[in-house]
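You will see subunit A twice below: alongside subunit B first, and alongside subunit C after that.
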Partner chain A sequence: MPTETIAGHTIELDANGFMTDAAAWNREIALEMAARVGIELTDKHWKVIEFCRKDAKEKGVAPGLRRITKNAGVSMRDMYQLFPKGPGKLAALVSGLPKPKSCV
Partner chain B sequence: MSEEKPVSSEDKPRKVVIICSKGTLDMAYPGLILANAARMVGIDAMVFFTFWGMDIITKKKMDKLKVATVGNPSMGIPTFIGSIPGMSALASSMMKKEMEKLELPSVPELVEILDASGAELYACQMAMDMFKLTRDDLVPEIKDVLDAMEFWEKAEGAQIVFV
Partner chain C sequence: MKKLLVLGAGTAGTMVVNKMRRILDPDEWMISVVDQEETHYYQPGFLFIPFGIYGKRDVIRSRREYIVPGVEMIMAGIDAIQPDQDKVRLKDGRVLSYDLLVIATGARVDPSETEGLMDVGWRRDIFDFYTPDGSLALARKLRTWEGGRLVVNVAEMPIKCPVAPLEFLFLADHFFHKRNMRHKVELVYVTPLDGAFTSPRASVLLGDILGRKDIEVVTEFNIGSVDFDSRLIRSWDEREEGYDLLVSIPVNKGSGVIQRSDMGDELDFVPTDPHTLLSKEHDNIFVVGDATDLPSSKAGSVAHFQVDVLQENILRWIDGLGLLPEFDGHANCFIESGFGKGILIDFNYEMEPLPGKFPLPGAGPFSLLEETRMNHWGKMMFRWVYWNMLLPGAELPLEAQMSMAGKRR
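Presenting the complex of A and B:
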């Protein structure tokens, strides 16, 4: 597994650039991972991130996009504004979770 | 994190076009799900509805799509049983229940999701004429009605999937 220095921490990433250990995540890492994909995190992003991390902890998998929009208090349109380059993956990416397996 | 750039090997933004030509439940889902998944990973997506695929975007029909129980070997039931009145409705409702368990959206919701995702939805002019449909018969998410030549203009540079 490749490692990278993100926000001063040595972080292990999988082949797709997702963190392999969600426990190693912190807010500074989220900020830098978001910046690398051109996103500046806002309060709305944090709301999504908090839901994703909580849900992943409970369910053992990263939530799919529709699950986020049904439960995190953000609309589908919001998600595309927050993560224009692909809300299906990027929410999990900045949340330090594995790539979601969901189709919707 | 190179994979976050939705670009093809030629470094142009990727674009997919899905043509939905069938109106059964089992043929509606693959096209809609694939188009939506493209948007989810940042790929531009367009869906063109034609022929029986018009049912997917026709207000009166979209939430009543059925699975074919006759002439469908995958159903695993003999055709004479599949032809009993109500069998198709029964099979369809069973399939919809399974989809709910998987948290799959209904067809009308999936059309809404596609619109919210920024996918462009188009209807086929010839199919509109043939089935005597007007714009009012179609869901408002339909961006425009295209003839076959306009379709090719809109589809320029895209990977095309026919369902």
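Presenting the complex of A and C:
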């Protein structure tokens, strides 16, 4: 697994650039990972990130886009403004979670 | 007398009661099944209706005919499940109790989830083919349609029978060729996935076939709304695709019962152990078929393999033994590819579809991940197998678990 230095921490990433260990995540890492994909985190972003982290801890998998919009108090439209170019993937990426599974 | 109650008499529910009635002692266990509709639909047949290959009569039978004697059939809508009291409330006010419950309430399309889909264009220029009414309406439309841009759009995953939209396009290509109007039709597949299919090798094969048949593919398109006036669909990230005829595979959800009972996830699918099929939240409820939240395909073959595992686990549950984690996500799908040919894929949670021969290693008669005439005949024969062997619960010469025998990596 490749590692990278993000916000001063050595972080292991998978082939798609997602963190392999959600426990190694912190807020500074989120800020830098977001900046790398051109996103400046606002309070609304943090609301989504906090939901994703909590939900992934409870369920064992990163929540999909629909699950986020049903439970985190943001609309689908909001999600596309907050995380343009793939809100489901980017929310997981910034939250230090694996890429959400798409079904066969 | 103990009670086994099954909700839903579709493919999965019918197989469960028919198999269990043969196994469980009628002096000890009463078996009941609830469904609100008299008609059993052969859902794989809906795909063929728009092209006039099947008619309505080919896909319907009476539900009761397929339930073995000794099973109580209750025709009623289900209001809600009350899992804390081991009871189910029906819409007519009756309350049923159970010792063991099997949820087999399936999945349905919900076009109201997408803005504008059911406005004035619905069933005029916008159709679905996942319902009997939708496929029949589309058949009428295609009989007189003069051509243009035909867009097939999957609104969101997961959907029932994830290969059906591709089969629809392959059959449409064949249909328009036969009518000497293929040159007047643009065929476009607009999908939220990043390729024709999710698993890599099948995606390459299916992508090649789409290309060969001159079918355009638009990927990573998450539909936000339909603009009927301008005849276009718009994605959440503001991309647009125009259409003259839109064939939509709307958002798929679990049954309204699941929502009213507050037992589902965000799409009303029931959280289920992926290997034992026991509900994650209630230890006297099993879930089977399309109603589960499992990452296996929502398809009849999957329900069939699940029921083989479920049958064993119901017996173990009754005897107080540990459940076997035997369901492996096995799916087996015939894919119609048009011009009298078909493809067969066989896969599970872990293993993507691979080439080879099936079911007999080396001999077939079916070929995996390859277009052949025999595969097409397999698909056409399957309707007979469904009504005469699968639903009655007869043993098929197929293992519930996926096998690597006869496959090439």
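Here are a few things to note about the model shown:
Here is the rule we use: the second predicted complex is superposed on the first by the 101 of 104 C-alpha atoms of A that agree within 3 Å, B and C clash if a C-alpha of one lies under 4 Å from a C-alpha of the other, contacts with A are read in each partner's own complex, and residues count from 1 in each chain.
Rule of thumb we're sticking to: a contact is a pair of C-beta atoms (placed from the backbone, for glycine too) under 8 Å apart; a residue touches a chain by one contact, two chains touch by 3 or more.
As the structure is a prediction and not an experimental result, all values here were calculated from the model.
When subunit A is checked against subunit B and against subunit C, the one touching more of its residues turns out to be B. When the shared chain is aligned, subunit B comes close enough to touch A:V37, but subunit C does not. When the two structures are aligned on the shared chain, A:R67 is found in touch with subunit B and with subunit C.
Once chain A of one complex is fitted onto chain A of the other, the partner contacts of A:K85 extend to both subunit B and subunit C. Residue contacts after overlaying the shared chain place A:R77 against subunit B and subunit C alike. Residues 64-67, 76-77, 80, 84-87, 103-104 of subunit A contact both subunit B in one complex and subunit C in the other. Chain contact summary for the complex, subunit C toward subunit A: residues 156-158, 162, 193, 197-199, 220, 222, 224, 236-237, 265-267, 295-297, 331, 347.
Considering their complex, residues 64-67, 70-71, 76-77, 79-80, 84-87, 101-104 of subunit A touch subunit C. Of all residues in subunit B, only 1-6, 33, 36-37, 39-42, 103-105, 110, 112-113, 116-118 touch subunit A in the complex they form.
Across the complex, subunit B is touched by residues 13, 16-17, 33, 36-37, 64-67, 75-77, 80, 84-90, 93, 103-104 of subunit A.
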